[in-house]
Amino acid sequence: MSNTKLNILLEDILNNKINSYKNGKVANYIPALSKVKPDLAAAVMIDMSGESYKVGDWNYKYTIQSISKPLVLALAIMELGEEAVFKRVGVEPTGEEFNSINKLVGHPKPFNPMINAGAIAITSLIRENKSGNSFDIILKFFEKVFGNKDVEFDEEVYKSEKMTADRNRSLAYFLKDHRIISGDVEKSLDLYFKQCSFKVDTLDIARASAILANNGFDPINGNEVIPEKVASLVRSVMLTCGMYDRSGSFAIEVGIPAKSGVSGGILAPVKNRFGISVFGPSLDNSGNSVVGMNILRKLSKELSLHMI
Amino acid sequence: MSNTKLNILLEDILNNKINSYKNGKVANYIPALSKVKPDLAAAVMIDMSGESYKVGDWNYKYTIQSISKPLVLALAIMELGEEAVFKRVGVEPTGEEFNSINKLVGHPKPFNPMINAGAIAITSLIRENKSGNSFDIILKFFEKVFGNKDVEFDEEVYKSEKMTADRNRSLAYFLKDHRIISGDVEKSLDLYFKQCSFKVDTLDIARASAILANNGFDPINGNEVIPEKVASLVRSVMLTCGMYDRSGSFAIEVGIPAKSGVSGGILAPVKNRFGISVFGPSLDNSGNSVVGMNILRKLSKELSLHMI
Amino acid sequence: MSNTKLNILLEDILNNKINSYKNGKVANYIPALSKVKPDLAAAVMIDMSGESYKVGDWNYKYTIQSISKPLVLALAIMELGEEAVFKRVGVEPTGEEFNSINKLVGHPKPFNPMINAGAIAITSLIRENKSGNSFDIILKFFEKVFGNKDVEFDEEVYKSEKMTADRNRSLAYFLKDHRIISGDVEKSLDLYFKQCSFKVDTLDIARASAILANNGFDPINGNEVIPEKVASLVRSVMLTCGMYDRSGSFAIEVGIPAKSGVSGGILAPVKNRFGISVFGPSLDNSGNSVVGMNILRKLSKELSLHMI
Amino acid sequence: MSNTKLNILLEDILNNKINSYKNGKVANYIPALSKVKPDLAAAVMIDMSGESYKVGDWNYKYTIQSISKPLVLALAIMELGEEAVFKRVGVEPTGEEFNSINKLVGHPKPFNPMINAGAIAITSLIRENKSGNSFDIILKFFEKVFGNKDVEFDEEVYKSEKMTADRNRSLAYFLKDHRIISGDVEKSLDLYFKQCSFKVDTLDIARASAILANNGFDPINGNEVIPEKVASLVRSVMLTCGMYDRSGSFAIEVGIPAKSGVSGGILAPVKNRFGISVFGPSLDNSGNSVVGMNILRKLSKELSLHMI
C-alpha cells in the first residue's frame, strides 16, 4: 500500500469512527481529566522504514497513565533482569479489572504487570543508579522511546492522582506487607503517580509502539532502545493482559498487543509491520477509548493485522 | 462460694495451668512485645458486689492491644449512636483471622468490630468534641472503665506498631476508598495504634469486664459507665466474634463473651456474675493466651459460667 | 409468672405481631411450600417442669427443613462421637447465606453444621447400624425428640426438593471431591432431602427445644434423650451459627440459640428455662420467619431471656 | 526449509528433548491413564500444502481429553452461532487451574471455554439435530477434523472418568443452578466424558491443528471444515486461555496458540504456516506434557514461529 493510500485509509477510518465517542464517557475521577473535549481523536502509524502516518489531533498532549505500564516493565527488565522482576510479578492474565484486589488475596504476588498492583510493584523496583535517581531514569527512558527530548510532566494531574489514590495505596501497602514491595511505600507510589503523569501525544506513543513492533529498534533512527527479547516479552504480556477484563475478547476481535490508558490513548505494536497509536478520551465500561478501539478494529481488518 | 474459697480456687487453677505457657509463643512482630517473660500469669475476678479476687502477676502492666476493640465500640455507640456505627460496620462473625482482607472484597463494609478492619473503622468515628480531642476522649473513657486515673501510654509500642502496620494501613485505605472511613486515614490509623498502646494490668481489665458484666454499672463505685443496652450489645458481639477463627469453638467450650489481645490479656464478662480477666503472654496459633484460655475453660466448668 | 399469665402474654404477643407476615414472603422455590396460607402463626413454650403454653396454629403441620440440622448434628455426635464429626465439619460461623459455596473454596471443610454444606456432610455420616438403616435411625430419633410416635414424612416435598436441588448437589459433589463425604453422594443427598421433609407442628419442635433447653432431658417424661454435653454443644452452635447471615445480629437482639427453617418454623431453646418454638410461613430476606422473629424479640424482652 | 531438513530438525529436537520426561509425572487419577509408558514421544507438523512431518510414536493412540475443548467450541459455534455460545461462556483468561471453581463464585458464567466449567457448558449446548444425536454430531465432526473415518472411543477411560468426576459434577450442578446449563446435567456430563474419551494419535491432532492454522480449510484435501472466522476465534481463545495458569508465560515463551490434554497431547496451530501436534504422557505441575512443551519451545525458536 502506498504512503498516500495508507494516509487516506487512516483518515477515512478516523472520520468514520469519530462520532462513536458519544457511546462512552470521559474519565472524571479527577478534575484534570474530566475537562478534556470528548470528541478529540487521533491515529498515528509508523512503519518499519520509519515512515509515519498521522491523522486527527495527533499532537494533542495528554497524560500517559497506564500506557506507562508496558514501558516501565521493559525498563525494569533492562535495569534488573527478568528474574528479579518476575520474582515479584507474574505474567498471567486475571480476567479482572485494573484495580482488583481479588486475586491478591491468598496469592499476594500480583498476577501481571498490566494491572495496578503489578505495575506499582514493577515501579518500586526502579532505583537510583549512577545515571540518576529513579524519576530521572524513567524520564530518560521515556525520552528515548518517544524520540522526544522535551517530555513534560503534568504537575496538576500528578497531584490529583496522589490525593485520590486510596485504592492504589491499599494495594501498595498490601504488597509491602507481603514483601513484594521493599523500601518506602509512599516513595514507590509517588514515583508511580509521576510515571503516569507524563504528557505525551499520539505521535510519541506511536514511536514507542514502533520500537516495540520493530523488535526494540527505533525504525526512525535505527537505535536499539530495548533488547529484542524484552520487546517480544512486553508485546506478549500486552496481548494476554493489556486490556484488563477485555483482553480475551480484544485478542479475538483485533489480535494485536495493546495497552490503553484512562486518558484515552492506546499503544498497539504489530510485530514487523507497524507501531500504531490511537487516541480518543471517551471511554467504554472497561476504560478503553471507544474511538480508539473502533479504529483498531477497522485497521486490523483492513490491513490484515490480526496476528493469531 | 465464700471469698476465701474463690481465691483458693483461682490460685489452684492458676498454679495448675501456668506451665501450659510452654505450648505457645510470645508475639514477636515488634521487639517491644517479644521481650516479655513468657511465664507471667494472672487472673482477676470481680463479683457484682465489687469484691475482687486477684492471683498471680495481676499488677503487671502490658499494652491493651485488641482488648481495646470492644471498649472503643462501646464508646463509639455512646458518642454517635448505633445507627451511625452500624452503617459502617456489621455485627456478623466471619470465621476468619484478625487481619483478614478476604471478606472485604466484594463486601467492603467490615463484618464486625472485633476484626482489625472493623475496629479501625470504629476508631475513625471518634472525633474531637467539646470535651477534647479524639485521643483524650478515648483516654478519659479508659480511665473510667478501668477505674484508674493514671492510665499510661506506651510510646515505644505505639511507634513500633505504627512502623510495622502495612496490613492495617492497606485495610484502612481500602475502607477509605469504599467510603467506610471518611477523613484522614493516617490520623485514624494513628489514633488506632495509640488506642492499642495504652498500658493496663489484669486488674484494670477485670474492672472493665465487671462493668460490662454488671450491665454497664461499675460494681465498685456504683457509677453508670456504659448504658445497659450498649453493655449487652458489646457482650453479644464478643460472644459471636471476639475470638477470631476460634469464636465458635470458644462459645462451645467456655460459653462466655471474651476478647483477647496480642499481649496476652483476655477480657471476659459473665453477665450478672463476674468481671473476669486473665493474662499470660504466650499465645496459641489463633493469637489467644494459652494460659488465659486454660484458666477460662477451667473456671467456666468449676463455677458453671457457661451461659448458653 | 403463673401459667395463665404466660399463656395470656403469649396470646397477646402473637396477636400483636401476626400482621407483620405482610412484611415477608412465603418460600416459593418448590410448589409444595408456596401453597401455604401466609398468615398462619403459632408459638409454643414448654417450661422445665413440662408445662406447655400453646397459642395460634400450633398443631398445623409443616416440613421441618433446616430445623433438622441441629437435631441431626446431635444424633451424629451420639452415633459417632465428636471427633469423627468435627473432622469433617467445623463450628465457626461464616457470616454467609445458607447455601454459600464461597467459604468452601480454598477451605473445603464446611465451616459449620448449620449451613447446607455442613449439614449434608453431617447427614452423610449417619449409617446403617444394628437398629436399622440410616433413614430409620433419623426417624426414631425424631420420634424421641418430638415425643411423638407418629412422625410422618411428606413425599411431595421430598420429591420436589430432590428435583430442584442443583445447588445442594453441587455442594455435595464438591465435598465428595475433597473427601469430606465418603460413600455414595446421591444416597447422602437423598437422606438429606428426606430428613428435611418430615412433617412437624410447632408443638413437636417445642418439645425438641425443651429437651435441648433441659440439658438433654425431656421435661415431660424425664427421659434422657441427648447427653448433657451434646445438648450444650448444639445450643452453642445454634447461637453462633443458627441464623445464617443474621446470626450476629440475632445474638445481639434476642440472645437465644435458634435455628430456623424455610417452612417458617424456629427452634429456640433457653437453657434451664424454656423450650420455645414459633411458626409463621412468611419469611424475611435471610429466610427467617417474620412473625416468628418478632415473637422471639418480644418474648426475650418480656421474660428477660437474653442469655449473654 | 526443505522437507528433508524439517524432518531432520524435528527428529533432532525430539531426540534432544525426550529424556525430559523424567521431570514430570504421568497422570494417575484414573488407572487407565496411569498405565502408559512415560517415555513415549511424538511430534507431527503439517504445512499449508498438506505435507506432513512425523517423528517418534506419532501413531500411538491416546484419549483426546481437553484437546477436545477447542474443537467442540468450534462445533458449538458452527451449530448455534456465536451469540448463543457466548451468552453462556466468556472468553477471558482466568489465571487459574483447569478445574477451578473460584471464579464462578459471584460470577457463575464460566470465564472461558478452555476451563472445565466452560467446556462442560459448551458441550451441553450440542443437541440432537436432523443429522443425529449429540454424540454422533461430535463424532462426525471429529472424523472430519482428524481426516479419519475410524475414530474410536475408549470405553474404559470414559467409564473411569465418569466414576471419578466429582469435581466436574459439582461444577456442572453449579452451572445448572445458575441456569448456564439447561437440560439434564447427567446427560451433559455423560456427553462431556465421552467427548474426552475419543482415541486419537498425534497425526490426527496435527490434522485438526493444520485445519485451524489454514483458516478452517483442510490443507490435505482442500475442504472447508471450519469457517475462517471461527478458526480465528478458536486460535485466539487458545492463545489467551489454552494453557490454564501457564497461558501467559507460554504466550511469552512460545507465542503459539495451544491446547494441551491430560493424556499428554498438545494441539498448536500456527496461522498460515503449520499445524503442529506434540505428545508425551509425562506432565508438569500445570498438567502440560513436559516433552511436548520442550519441543514447542525449541520449534518456536528454530522456525521463528512466535506470532506476537
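Each chain gets a letter, A, B, C and D, in the order it is written, and its residues are counted from 1.
Going forward, a residue touches a chain if its C-beta (ideal position, glycine included) is under 8 Å from a C-beta of that chain, and two chains touch if they have at least 3 such contacts.
Note that the structure is a prediction, hence the values are computed from the model and not measured.
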item: Centroid-based (C-alpha) most distant chain relative to chain C; value: A
item: Chain centre separation in whole Å, for chain D relative to chain C (CA means); value: 48
item: Where chain A and chain C are represented by their mean Cα positions, the distance between them in whole Å; value: 57
item: Averaged-CA centre spacing for the pair chain D and chain A, given as whole angstrom; value: 33
item: In chain C, residues with contacts to at least two other chains; value: 106
item: Every chain pair in contact, whichever chains are involved; value: A-B, A-D, B-C, C-D
item: For the chain B and chain A complex, residues of the former touching the latter; value: 101-102, 105-106, 166-167, 169-174, 176-177, 185
item: Residue ranges of chain D touching chain A (in the complex, touch as defined); value: 90-95, 103, 111-112, 232-233, 235-237, 239-241, 245-249, 251-252, 255, 257, 271, 306-308
